[in-house]
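Dropping the structures in below, format is structure tokens.
Both complexes below contain chain A, partnered by chain B and then by chain C.
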Partner chain A sequence: MEAAKKERFEPQSPNPIKMVKRNNPNRMTYKRQKKVLGILFSLPALVLLFTFLILPVILAFIYSFMDYAMLRPGEKTFIGLDNYQRLLTDGNFLNALKNTMYFTAVVVPLQSLVALGLALLVNKKVKLASLGRVFFFSPVVTSMVVVAILWTFLYNVENGLINSVLNLFGIPNQPFLLSPNQAMNSIIFMSIWQAAGFQMIIFLAGLKEVPEELYEAAEIDGANAWRKFLNVTLPALKHVTAFVLIITTIQAFRLFVQPFVMTNGGPSGSTKTLVYMLYEEGFQFRDVGYSSAISVVFFIIVLSVSLIMKKILVKE
Partner chain B sequence: MNYKTKKRLAKVGVNLTIIVVGLLFIAPLLWMIISSLKPETKIFTQMGLEAFIPESLTFENYYNILFNKETGTNFFLYMWNSLYTVGMIVILGLIVNSLCAYALVKLKFPGAGLILMIIIALYIVPFESVLIPLYLIVNAFGWVNEYPALYVPFIANCFNIFLFRQFFLNIPKELEEAAHIDGASPWTTFWRIIVPNAKPVFATSAILTFVTHWSDFMWPLIVTTGASKRTVQVGIQYLFTDNNIQYGEIMAALSLTTIPVILIFLFFQRYYVQGITSSGVKG
Partner chain C sequence: MKRWGLGFLSIVMAAGIATGCSSNDDVVSNEASNNNQSGSSGDVVNLTVWHPESSREMTAAYSEIFEEFNEMHKGEIEVSYEFIPRGNQYAYEDQVSAAASSSSLPDLLSLDGPNVANYADSGIIQPIDGLVDNIDDFVDSVIVQGTFGDELYAIGPTESTVALFYNVEMLEEAGITPPTSLEDAWTWDEFYEAAKTLTDRENGIYGVNWTLDYGEWIIYFSGPTVWSNSGGFIAEDGSTTEGIMNSPETIEALEFLQKFAEEGLVNLQPTPTEFEDGNAAMMLMGSWQWENLKEYPDTEWGITYYPRSPKGEQVSPSGDWTWGMSTNTEHQEEAALLLNFLTNEENGLKLALASGKPAARKSAFDNMTEWNELPLRVLKDQVIETSHPRPRTTSYPVLSARYGEAVQNIFLGADVKEELDRVASEVERDIERQSR
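And then the complex of A and B:
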């Protein structure tokens, strides 16, 4: 293995010109070559990122100060902060903001806890650990549209599988997605089921990095499993946990597919989210200006929440 | 109870917990696959445990969704559209993002550090916040309801560049220096040293990108105006909202959409986990 690796690094055939260079190392030429190729190699990615990410960010910002209807692109005018002012008094927006916040506040801690639990479970050296990993991860590779359609059937009030199981325990049929009080929680439950496996993989990677010696040392000191978890595992997972919490937060704020497929944002707006509203304003009402203002607010919220979380979590 | 039996009992307990929790996790997916093999009328009449034990199996739903022209669901077309566009994102993305990361980490041209910082900062931009301007840009290119709209914007990816960067950082300098002394150009170094040593991160990037974009819904929904370029996710949503909803066919469609991805994951799982955990090449 080692020999094969070493062989690979040998030049294919000794090039006489290059041999001269080797004897008389011309550092400047190599440096220049690196510079030119460096720019050349990174150019495709940079051009694409500029066109499809940086430019749209700038445009979203500009459009948010405009009266701009998609169907009348010639008539766009600057209207200052009007779109933002409209947001402050728009009941739909405040409702969407509230729903999105609620979803995030519940999903982030719960899902991270579930993911940590799953990771600890399959990190044990037991026969079924790898099977467990596959089981827990399967919902993650299942697309959200598939999951959402599937769970709409499962949550059905009359002939849904979940209600039939609840009936076995003497619980009457629940309306789930049809009730303004239960719809969002039903989506939350399903979303955790779908996504916990991903965070599990990240936690698992973190757990594998914990040096075995630390556990051995703790064992010699007579620490029990709980102590080992508290004093060895958790501190070692600090950065991984911070990462998991931040990406889960960003994911949670983006909630769209579930309400779009399962509830159309209802009943009575109880599952309408920021992204849902942004989509509606932009692509159903074709109001570029107003939709852009929602985009900017959405962006600023996601950005500041993740920065605040980073500051708090990484400092500790 | 001595130490050994205690350990063994603990292991049995962990195995049992994995089985119970694991079954809860895959129950919905199992139900989906089993229902897809049931006759239409049985799907919502067999409840509780019975839902998982079908009396009779049929492939009628699969036949209908794939070959029955009367339903006109174009399922093959949707599958192809998804495979083609996601394939393009994966393949072009691997090339573009790995080259960019290599250039930024190993070639260190002036400004590379700043560019890297910007890319990492851009990672935080949620896709949804650029939805409207991105649509207008794609529209200006004339790509609405065309394939490029579905893949070109997603080739370059900040997270993937970051992923490659992390891996390349761990490839020891000595390897490149040795290659340089042997007369290798930066390009040769990339192809002959970096790429062969970074296979796990390529696999990780490929599988993450595939799974993410296979599941894409909102963007394909927006940029496909007709059935001809519709991806499979948008396609099944249309099946689901159809007035003449066929539950069996939907179950078959959901299964067909999911099984390839689960198989790919099973096949690549080792690389996937390895890619995340691997801390680089041992010099």
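And then the complex of A and C:
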């Protein structure tokens, strides 16, 4: 290797590119050269993207029309729309769809609001603000599995910290994760606590971009804090808000770790989500065909919801 | 300036490619020289082995055994072993599934007893009939669990069972004397009464503890209650589950267990060491619990038999992790050698002692003198006399997972029949799918 490098740097040895330019009448134009180089540089990324992102999507689409047991990859057979037909009559699927929709519908607006509130809170130019930023952001960088296990302890019906605090106010022990009516809401609460810090950072970046002059102008016009927020801050954050809402929606749809760690999808299936079901059918029950059909439907749902949201939120 | 930069980049890239090539050459030449070496001293066969991660003692014991094997067959066979995290769910099984779908399974793999049927039927493990030394020495339940169709597919060094562990002092205080022989094993009513007496909610003490994790454990610990009551999960030939999973006997058994939850005799979200900390008087747990209890020498511990239904015989669960040979192996002979080494009397004994589990070979028991006396005799009695394997069916993954969910719902107050009906219909659908 050393030898190869030295050879190249020897003064006599001509620069290969210059040589091409000098001797070859069909030499590339600078523009063309840049294009080729660009493709060359992006090739590794493109290859990875194709292998690990595009190819699996294509395969999932193909497998969704097959009877494919994971342990018998040699015995795949095409069964047409059977898997999709089964989906329509599968109570588990409809339940998972309902739970996923509920989670998304509650988490997206709530989490975005909380994140905006946090961002406004830590945007103040006071000393504690940066401490607040660290405080609110730290759950985001913690692994979701760790957070989920910790919250399982917090939610414990007999010995959990939250119930101990509630007891102080005379509220009896709540079966947070053991009741079909409370389990999903408990997961929603901890999910917002965990993830809001991320959206907060995005909102914060948006807030920093709002020109100070606008506030000054508003002040001269006699606007109070609330009017300033309503008529200056919010309109300036329009694009950031759209981005946050769409990103949060996509994340919310993918809910898996929390129910997997905390409730096993129970009790009575009340926290089973689409991604959970996809994992269960595909890996645990080794029915790759059916699992692929779920993933295709999931893909279509997430794609159309985000497209609709984009259409509504980003007008120009 | 820009052109110069471009030229510099291309040089760097060219140098990079040159580096890549030269290091590749190195690898190739290394391999070649390796081949030359091994060519002169006979080919070294590489065996790969997977086992789920378990206790420190087990990992150490297995590592020792593999190293010893490598030492014995130096220059001929080289075992590389891997301990894969299992979690309290199905992480290890997921890994096996993924490897099976890409034909990259190890030569020998550890598998949980009930997976034998599914793996054998899918053709990812192969029959080992005739390859196992001195097979009559194994306790029956090990052979039954490892058999699918008419052929033996898996064999393990240890067995396992579930019994009722208890806090001696707490039971004495309550004036309760647990049975010491199999014939006198508690009936459901006696067990229930004991749990009720021992429960002291004001001081946060539960009569009994049973772990409620989400994996295989639920069917493992609750199975004997069902079998003892002449209930079941699936037909012997695996053809149907309707009328068995939701038979009156199975329902009755689970209603009995549900009573404990309803009346607060068991904690549904216990801390991991509730029993060890003296916050539960009894514990339905696997035989391995005895090893864990040794870390709490200040308390005196006892073991008694798994309670039986008033209508039936005493039954205990069986089926431990066991070893199978994958169909991906190209070294059947060497793999069989290792399999026999893992399950021979000496190593069976070593692993049994390390895990606190009963041995799978009767001859190994002869050297486990502690197991001839109480309390460990209880475990030995159960393994030899009353053990019952879990269902052997290719639909086991669905059965185990759905049954586990149902039992959890039942403990939280759901209707037993409704829950079991749903399990039955889901398993039935899977049986149908598999036979397609």
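Assume the second predicted complex is superposed on the first by the 285 of 316 C-alpha atoms of A that agree within 3 Å, B and C clash if a C-alpha of one lies under 4 Å from a C-alpha of the other, contacts with A are read in each partner's own complex, and residues count from 1 in each chain.
One rule holds in what follows: a contact is a pair of C-beta atoms (placed from the backbone, for glycine too) under 8 Å apart; a residue touches a chain by one contact, two chains touch by 3 or more.
Computed from a predicted structure; not experimentally measured.
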{"item": "Touched partner set for A:113, first chain B, second chain C, both or neither", "value": "neither"}
{"item": "First (chain B), second (chain C), both or neither touched by A:314", "value": "neither"}
{"item": "Superposed model, chain A: greater residue contact from chain B or chain C", "value": "B"}
{"item": "First, second, both or neither for A:267, with chain B first and chain C second", "value": "second"}
{"item": "Touching partner for A:283 - first (chain B), second (chain C), both, neither", "value": "both"}
{"item": "First (chain B), second (chain C), both or neither touched by A:71", "value": "second"}
{"item": "Partner chain(s) touched by A:157 [first = chain B, second = chain C, both, neither]", "value": "second"}
{"item": "Contacts of A:171 with chain B and chain C, given as first, second, both or neither", "value": "neither"}
{"item": "Touching partner for A:37 - first (chain B), second (chain C), both, neither", "value": "both"}
{"item": "Chain B and chain C footprints on chain A, overlapping residues", "value": "8-9, 15, 18, 33, 37, 70, 156, 159, 260, 283, 288"}
{"item": "List of chain C residues in touch with chain A within their complex", "value": "3, 6-7, 9-11, 14-15, 18-19, 22, 89-90, 93-94, 97-98, 100-101, 103, 118-119, 122-124, 204, 214, 267-269, 271, 397-398, 401, 404-405, 408-409, 412, 414, 430, 433-434, 436"}
{"item": "Chain A residues within the chain B interface of the complex", "value": "8-11, 15, 18-19, 21-22, 30, 33-42, 44-46, 48-49, 51-57, 59-60, 63, 70, 118, 121-122, 124, 126-129, 131-147, 149-154, 156, 159, 161, 164-165, 168, 193, 197, 201-202, 204-205, 208-209, 250, 253-254, 256-257, 260-261, 275, 278-279, 282-283, 288, 291-292, 295-296, 298-299, 302-303, 306"}
{"item": "Parts of chain B lying in touch with chain A, wherever the complex brings them together", "value": "11, 14-15, 17-19, 21-23, 25-26, 28-29, 31-32, 44-45, 47-48, 51, 96-97, 99-100, 102-104, 107-110, 112, 115, 119, 122, 124-137, 152-156, 158, 161, 175, 178-187, 190, 192-193, 196, 211, 214-215, 217-218, 222, 233, 236-237, 240, 247, 250, 254, 257-258, 261-262, 264-266, 269, 272-273, 276-277, 279"}
{"item": "Chain A - residues contacting chain C, complex", "value": "1, 4-5, 8-9, 15-18, 33, 37, 67, 69-73, 156-159, 177-179, 260, 264-269, 280, 283-288"}
